[in-house]
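Only one structure is covered here, and it is reproduced in the block below.
By written order: A, B, C, D, E and F. Residues from 1 in each chain.
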């Protein structure tokens, strides 16, 4: 069960409105690697957790914090879409084309210059549950498999992609208020990358899971002669100079060898003739009598 | 540029048809973590790579191999949807309800029992570019960011989720031909998990990237007082017993402390009154004269 | 900012596992009118609210409660997918085909009978962020416009469609534990329908908004001669016997008349010839020299 | 069965081309609350109607009118994308940046300034079945449940959101021809809001449906002690000052009380250990022998 | 502008209910090649037509007929989902598993056997705007480019894929009432395939368009030395035995030659080093000072 | 099985960067009719082919070539997003607004002017698997039915729509390097339109398939009295002046007649009363006792 406190976790107040940056900021809100994705991912992983309770509680801890990050970004975007006081506008006008658009221009000119039109038409100067290109958020972005190592690797990815995007956005604005909030999010993503690295190590030391995931599958059932084989599908030899192409494997269980990509079968993938009731094209003409 | 050899990388021949397992096998073909996802991901990462060539070539190597895995799964599904010879059917009929459905039953009864209807109606006994629930594959599943560490972490995730799903599917069938191919895929996923772990280590040792991603962003610009803080958003103390809540951080740059989730601001997130031209609800009644 | 208490709002424990009902129960979790939709809708409406604070706080109140409903449904689905103790299975086996499937059958037979395959392959016996047909949840289902009357009408709809679906599901199961939780959800939906009706009345009495939405748009600017006209687009007279076809309009501002559907213009919608650089088909042949 | 008359219901002719407003106008054509959504919704509700014929016929009446509204918007967008005569361009050039773009500029500069690129590349100066951000229309926007009160509430919402968006668009253009058509649509939306309010009242007076929807579900089966309880999920008391928090309920069947959000159970949502064949993470290490 | 007649174009009455066939029949209603797709495609092509009026009117003719086909399929599905009279049930019970499900079984058993759960939970025994796998219809299926030859080829495809699917469905049911309607749709698809073939010939004879589409693009601007070259991307020589690999080209403008797939450039596709502000991985380590 | 050569099929090097044209060029990469669509379509058709091997091999030939076209477009887009050398920028600045944006402007101004924001934020100056409006590629665009004539008609459409879009793009840029690559793609599309026309003729002459598709369905089972009837759904006579409205049908099997659109039944599409357990609206009030 959840509760709400009527205050943000961290301040979300821009120095001045900026409808174009509002569009950009939709990416960490509603994009593939945005806060909605991590919020939903961590909560679903927590609710699905059948492992030790410390992992379940930790997942719900961080998922709960992320709801508050969604709240901060939604608030920031709403404020970036507000009409600004006169002074701010004048300042803005001097600075950049963005400012010029806001400073006194008619509404259609602001749109003209690249706003997300749905910020005005659909949301009335509010945030959208969508990414910076306007695609609505979809649960196809999230992940909860029941296997914690597989999922923690996803989580580490999400915090890496997320921090990367926020760092790029940091360079796209000069607004100190926006940068303050981005600096907060960057720091939390630093913590969260560390958190998932720690959780991965703990899971392995607890003996619950290891590489290759899922470790409970008996490895002797896989086709072991290709388990530690680097297959060079491209011509040229540069790709075999990395540690993925020779030496002891990362899981410590094998010795990696490098081979060219060659077929291990003579199976050409040819199919049987079609069931005539499906009206697929047969190898040779058939009389028109397939229907019963 | 690509070439095609008219032979599969590994045999994809079931012992007998099984339209229900054909439906299941759509997941590793066209699901979020299926072969189309990794094929497209590795190729796009390779084509976008601005780092050392050994990484680019390696990405294109593995992407090229994955096209062949898509081919194997597509072929296997097409064969699972074929009409079987009489003996196989009789065998099947003894074994399971699946067999019973195939053994002489009318086409609508097979559907009745849970087939993917599009295997018949849309594809005429062929594979679908979709997952086991029938959702078409979408590029929203894939990932190519230009930052190799962020992307290799995604790749490691994909091979972990992928091997997990194939392991589950291995337990859902008794067909030896199908299991042979799954054993091959499991082994390749073992290699590929090892491959991405090795590539991550190499990238770090090359000094190109480290935790927190992106490492080229000056960490002093983030709000450093919350960079190594475990925030307990849930009540109870179980979640702070892991190594994510105390001790040296995984990146070796900080000492982790644990604190309860508390606001760091008094900002309540309240917004300014609305621009009347957007017809949002204002704090107090306004006269109806907003249009120009 | 949000907090989490490590207890559910209401018990979510089925009497026995039922993987098929787990599939059905995805609809009120991740469907168009499910709990994720109302959770996200109320939170975004709250974060976007520029009207009186009582509405904003109320939206965040109910949005916060809904996160807990998502939690209850996710937990219930996870438990419906668990292996059951022997006794429960034997009981189940007597009752229904569902029971038969669970009682001793091999895993592939359960799937055969109609389970959502992703419950096993993707989520490992956990809930999915998807509807009963397996479509992932999308933010295209939600709504936050900045106009509270428009949005409260959406909310009233969501609680009506939602309660309707839960009532249908109540009739599809005999499991007392499941029915207890559905009875709780039905009661909350009763409250929430009443809540939105009350909020609509309050908004109108506060003078903030009325029919037609948005009331701040000067109605004299619309084409007033068709503002209270019932247009009969179908043949036959039955459709004009309702109160929508005559009498005082619901907003009290007009007298409704009924007319047949007739064009109000002679504009045939014909278009100008195409710009040759777009290579659309022109009214008459043109020489092939359009490219610069 | 449908027929077509070769004339529009109302004129759809802009004073001059405006490719940027063409992009905006996609929202009421192909957006969540656009004309395609209401056309499809009303027709499907009509075709699914099992209630009195007057409702069915009325739904098909209005659905048929809406096909004509789709036609008007599609025509208007096609004309906004046409090349303009010289005079119009010169006029436009004086007025606004939009005009400047059209008046003599090369094709790439018009795109540069914010057009929907698919208007040129995909549709060759024609309308798109998509919204103002370019998302293709999806049937996930529409609604037909078989319960007329639930559906009429959806319809009232759709006409409210739709009129709100058209009112916003009215303020974004100065083109008198465009405004004439928008004024027509605004007036029809006024009628249609009134129409659904009237239909809701009629349905209730006919005794076919009432709050809470669905009224045919025996209310004593729901958990009645929480049916009229306002639950304050947020801290602070402002949200309980509305009529949703005390007094007689809108359905006249209950007395509303306000309580803080508290759990009604001690159920912590913990799950049973995982079936080892799904390779989820267990509470304690297990030997690798799960596969059969 | 459109009108509605309160009668179907052709009878849509099954002999008896069949909820499983109702699920199958969603494909020609709301699938990629279903009636909604052709209805929307022909109407949008008509509204976008800038060529001779005979094509525009013909497109609107057939688009209007297709709205009626959507109506027939929606009605048929609603009736297939009805409860059947006793006799029909008894008959059915003898025939098939489908019958057994309907004849006296509890509602959950019908679902169990493979129904689309949304037919009950969401639509209350009505049709869904979705395909046979439950995916909602999307405008991503339709096509209107402004070039009539390109579009007529799409239309010919749609009628071919559509008739193929209906023919497959004809073989999946024994219900004479359903087959009567399918026989009607098959005949109309026969006409419509002929119609688009005729329209293509007329367009070519009118001199408005020819192969290669778009014919108004000056062919000398393309890289003409590869315009009539069959490129064998696979090994082996079987693929060059068709008329696509030698002889006069279908457009009569070239002589086709066959060559192996070889690169025509030495461009390896290598990219420049990354802009440091995007934090992509560089070819060599860079100091962490990229942010401004 | 596939192999990769480390060289492009044709050069993909622009004269100078152009981030706006990079956005446009996403359409032929990841749009409905882009190279990903044809690559996936041809490969799936090849892997599903149960007809003569020459068709299967030809499909895999062309599918393999198309992977290389995806590679070329991805590379071109990555290069259009690179920072340009000073001279190129100065040149550009003189030429156009696009140049002005690139020549010295800050990063946010480039975005302002209409870039795809995901090119920077998500892909770090790399290509996206999406169209020019930012919609991710979806397998809903592709087609593989098992019937080769139906599928070759789709392929002919795809090459026509594709060449049309590339021709439009050719006119939107002055960059000679970009135009060289587009000229190559235009030429290949010329070949591929010819190729599918040839394959269609061969398929018909081989006696494997003819109009109406599927020809193996016994035509006497369709409702033959409407098989060659042009139905004029619109008023007016212009639409019947084409060869689709009279004369011998294209398949040579019928004589086309033209008739007005009239119902062939008295079926009004009315439905039976609803099953009370679904809580749909009944024709008359029912007591609230439907639940068991």
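Please note the rule applied: a residue touches a chain if its C-beta (ideal position, glycine included) is under 8 Å from a C-beta of that chain, and two chains touch if they have at least 3 such contacts.
Owing to the predicted nature of the structure, the values given are computational and were not obtained by experimental measurement.
With contact taken as defined at the outset, chain D and chain E are each touched by A, B, C, F. Per-chain Cα centroids separate chain B from chain F by 26 Å.
Averaged Cα coordinates give chain C a centre that lies 28 Å from the centre of chain E. The multi-chain contact residues of chain F, meaning those touching 2 or more other chains, are 1-9, 32, 47-48, 50, 53, 55, 57, 60-61, 63-64, 68, 71, 75, 78, 107, 113-114, 120, 122, 124-126, 130, 133-136, 138, 140, 145-147, 149, 164, 167-168, 170-171, 214, 217, 219, 221, 233-234, 236, 261, 263, 269, 271-272, 274, 277-280, 290-291.
If touching chains are joined by edges, the resulting network of the protein chains shown connects every chain directly with every other. Listing the residues of chain F that touch chain A in their complex gives 1-6, 47-53, 55-56, 106-109, 111-114, 116-118, 120-122, 124, 130, 133-136, 145-149, 203, 206-209, 214-219, 221.
Of all residues in chain C, those touching chain E in their complex are 20-21, 23-24, 27, 31-32, 96-98, 101, 113-114, 131-135, 164-165, 168-169, 171-173, 233-236, 261, 263, 269-274, 276, 278-286, 288-291. Within the complex, the chain C residues that touch chain D are 5-13, 32, 53-55, 57-58, 60-65, 68, 71-72, 75, 78-79, 82-83, 107, 120, 124-126, 135, 138, 140-141, 143, 145, 147, 149-150, 153-154, 156-157, 160-161, 163-164, 167, 170, 180, 183-184, 186-191, 193-199, 201-202, 211-214, 217, 219, 221-234, 236, 238-239, 241-245, 249-251, 254, 256, 261, 263-269, 271-272, 274-275, 277-280.
Chain F makes touch with chain C in their complex at residues 164, 167-168, 170-171, 277-279, 290-292. Residue ranges on chain A touching chain C, taken from their complex, read 1-9, 30, 36, 40, 43-44, 47-48, 50, 57, 60-61, 63-65, 67-68, 70-71, 74-75, 78, 122-127, 129-130, 136-140, 142, 144-147.
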